[in-house]
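Structures follow.
Both complexes shown next keep chain A, but they swap its partner, so chain B is in the first and chain C is in the second.
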Partner chain A sequence: MLELTRITAGYDRRAPVVRDVSLIVGHGEAVGLLGPSGCGKSTLAKVAALLHRPDAGTMTLDGTVVRGWRHRAPQEQRTAVGVVFQQPRLSADPRLSLRELIAQPLRSTGRRREVPARVAELAPLVGLSAELLERRPHAVSDGQLQRACLARALVLRPGLLICDEMTAMLDASTTAALVAVVEAYRAESGAALLAVGHDRVLLERWCDRTVRWGERNAESVPLG
Partner chain B sequence: MAETALAPLPGRTTRRIRVATSVTIVVAVALAVLIVPPLAQLDQQAVDLSNKLHPPSWAHPFGTDDVGRDLLLRCVYGLRVSLLVGLVAALTATVIGTAIGALAGSFGGWPDRVVMRIVDTLSSIPHLLLGIFIVAMFRPGVWPVIISVALTHWISTARIVRSEVLSLRSRPFIDAAVSGGASRVRVIVRHLLPGVLPQAGLAAVLMVPHAMWHESALSFLGLGLPAHQASLGNLVQSARGSLLAGDWWPTLFPGLFLIIPTLALAGIAGAWRDRINPRRKSELML
Partner chain C sequence: MTRDHAAAVLDVQNLSVRFRMRGGRDIAAVTGARFSVAPGECLALVGESGCGKSVLASALLGLLPANAQTTGSAVLGGDIDLLTAGERTLARTVRGRRIGLVPQSPAAHLTPVRTVRAQLEETLRELTGVRGAAAVREAAARASFPADHLDRYPHELSGGLAQRAATALALIGDAPLLLADEPTTGLDRDLVERTVDELRRHTDEGRALLIITHDLAAAERIADRVAVMYAGRIVEIADAGPFFGAPGPRHPYAKGLLDALPERDFAPIPGMPPELGALPDGCAFAARCTRADARCTTERPAFDDGLACHHGLTGRASHSLTKAAADA
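Presenting the complex of A and B:
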């Protein structure tokens, strides 16, 4: 499904954050990526989500070699990967209601007619009431907002879901609920998962396999 | 004297009075420039040499100028022209500045660098000088003045909008939109511009008084509107000579007509800025 080969990426070419890292996520597989803070897991997740162009290395998504990142990637390729970020507060446009937040990807891809049905279908799955859907981000809790962000990531039915520390800001019960939503979606759609985090217990229980960002030689470890 | 070390913020009442005064003045000015010209019984351009340089009286509350024209009427006409020029120029400048700032900020990379170097170059030239250069290329009239003011005043707006866009652009919610399939245009129109519109609107209102002063300066220098057309700058300019002879009214009243409405507009803009800033902070909760 996803194949990252010898990826080098960062925000300054002279000092890349990620160096020579390889990672494979098979079809329908759930892979947990463990590593200490600041080791570059989030950068790698952004590369995999087509949101950050790497300095070197190749990436294959569903058998196609990726040629461009961000807006240079074709829309179908970008939307084939759903992403949930660590901080729901920062990943939600403060002007949109939760309903609009979830509907954005449908509107961006010209499928606005599906909005009412799809939102009505997803909201109960992630545990958002009709009343919450009309509120704006500043009027809901982090947990409620992260539920909406997960719904937004699932609304286009991606073949690969990337959760970048999705549950780091949440309490145990919300964590369990969101993981259950992801698992239910995967069971039904056969989507693959790349879960990034530093909670070893959670990722080992959640994923089929976990790979550790070796502290010993973090710079050139072939992961997976 | 710990209490005097920090000046207290103006109280709610003081602020309300200030805003109410500003709004009243702006409304009065708007009504005056809209209603007076069609109702006026005198022709603002009617020359009456037997009546020249009359001090304020009941017949001519603001007195008459050096060719006997009624100054009150001239001032209202002048304010009308100056306001029109100010409004149109400020709006045009804001639209240009917002477009350039948003494009530079959201594209980044070399387009951003090129645009910002142009902006730096333009802002290193005194903008009145640049404005004079632009009006000098046309025949005197309203449009050259508007074009001159608009083309020299978009720079600050472009800077404000660009920096706002740059700070919004790196937020994860833009990443989320890109991942959700949003095109470049959609990201700019739906997610970046709504975030900068309050700032751009505020910049536009703050620019109206500035543009009015600019128009007056150009007219005062004899480069703006043709001399027979009443504008606040022209009025002050033509009154210069009589001021030396001790006739104060042809200078004072156009001057007040320039100062009071511009202060009122700036007062409204200031109150608006105070309103949107704390709200924006709480909205973004950073």
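Presenting the complex of A and C:
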């Protein structure tokens, strides 16, 4: 599903944070990427989510080589990947209600007509009541907002889901609930998962296999 | 370890916080909280996000917004009620001097345009009157902040170092009570352990520590006692050993939280907490509880013997019950 080959990426070409890293996620597979903070795992997740252009290396998504990142990515590739980040507050437009937040990807891709049905389908799955859907981010808890962000990531039915520290801010019960939502979606859709995090116990329980990021990737490190 | 109210660094009795909202609606953020923390003791306050933990911390520091009303008492060091003391008293004698705050996001707590050294210098000067580079290095060393990073700005620090800088600032006033509000959020496991171990060290030096966290592993590592909060109420207070080990928690909610851990059942508690603006008449957890019956939906369980539940889980050793009773 996802193949990252010898990726080098970062924010300063002279000092890339990701150096020559390779990673494969098979169809329907759940891979956990473990590493300490600051190791570059989030940057690699952004590359995989088509949100950060690597300096070198190749990426294929469902057999097709990726040629553009961010706004240069073709729509069919962009919509094939769903992303959930660590901090829901930083990834939610504070002006939108949770309902609008979840519906945003449908609106952006000209599928406005599907909004009522899809939101009605997703809201109970992630545990959001009709009343919560009308609230804006400032009026809900981190856990409730992250539920909405997960629904937003699932709304286009992606073939690959990337969760970058999705539950790091959340309590144990909300963590277990959101992981259960992801797994229910994967069981029904066959989607693949790349879960990035530092919690070994969580990722080993959640994923088919986990790969551990070395201390610093000075040379080519095939991550599974 | 003493549990005598008179010896407690902090003694909270029937603390409630209400937010008056537009349209006359009331949000019951904290209701009837009762607990105490002794010198050398760490009490961990755990619960889901939005359960009122941070509001309780803000109430103790006098940092609630203007539409908040507090009742009850929170006596610090046997002589000052934090809820009735004025802003002037809190600012001049309490914050930093008698309560050290270890903040939730150190990167946001530190002043972004000043170096760590400048911030330590200012805090030292204001709280202790001491000046000079040696005192700054010593203050940094107490929180294991490396001296060669003193001239860095907050954005140049990793999450772990920013946390230590914030902890160093909190320790300068030699406050008898440390209040740590989610001090490990966003840190990886190694850093979580290092941060809580350092907090434990400061506790062992004789301070009282109230740590507010949703990280149960961190709480297990550091706490002497655990207070579990649900929908604004403390529903269980227990010694950490029997709570995390055998025979386990007594409140079904606390058991649900522990069972949700990936190293245990990894099973979420069904449903979500009630809205604090529309709490049910009976037990707030009844709608999610497998043990709930008709009594639970009509009659709110009193907090008694360290537990607020009509159908507490059994099996707890009796000596723990009597210890918990001392808190009630």
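We adopt the following convention: the second predicted complex is superposed on the first by the 220 of 224 C-alpha atoms of A that agree within 3 Å, B and C clash if a C-alpha of one lies under 4 Å from a C-alpha of the other, contacts with A are read in each partner's own complex, and residues count from 1 in each chain.
Assume a residue touches a chain if its C-beta (ideal position, glycine included) is under 8 Å from a C-beta of that chain, and two chains touch if they have at least 3 such contacts.
Please read all numbers here as calculations on a predicted model, not as lab measurements.
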item	value
Which superposed partner A:Arg89 touches (first chain B, second chain C, both, neither)	first
Which of chain B and chain C A:Val201 touches, first, second, both or neither	second
Touching partner for A:Val65 - first (chain B), second (chain C), both, neither	neither
First, second, both or neither for A:Ala15, with chain B first and chain C second	neither
Which superposed partner A:Leu170 touches (first chain B, second chain C, both, neither)	second
Set of chain A residues, in rising order, touched by both chain B and chain C	none
Interfacial residue positions of chain C with respect to chain A in the complex	47-50, 158-160, 185-191, 214, 216, 256-258, 260-263, 266-269, 271-272
Chain C contact footprint on chain A (complex, rising order)	36-38, 86, 127, 129, 141-144, 165, 168-177, 179-180, 198-202, 204-206
Interfacial residue positions of chain A with respect to chain B in the complex	46, 49-51, 70-71, 75, 78-79, 81-83, 85, 87, 89-95, 104-105, 108-109, 138, 149, 152-153, 155-156
Partner chain A, residues of chain B touching it in the complex	171-173, 175-184, 186, 191, 194-195, 282-285
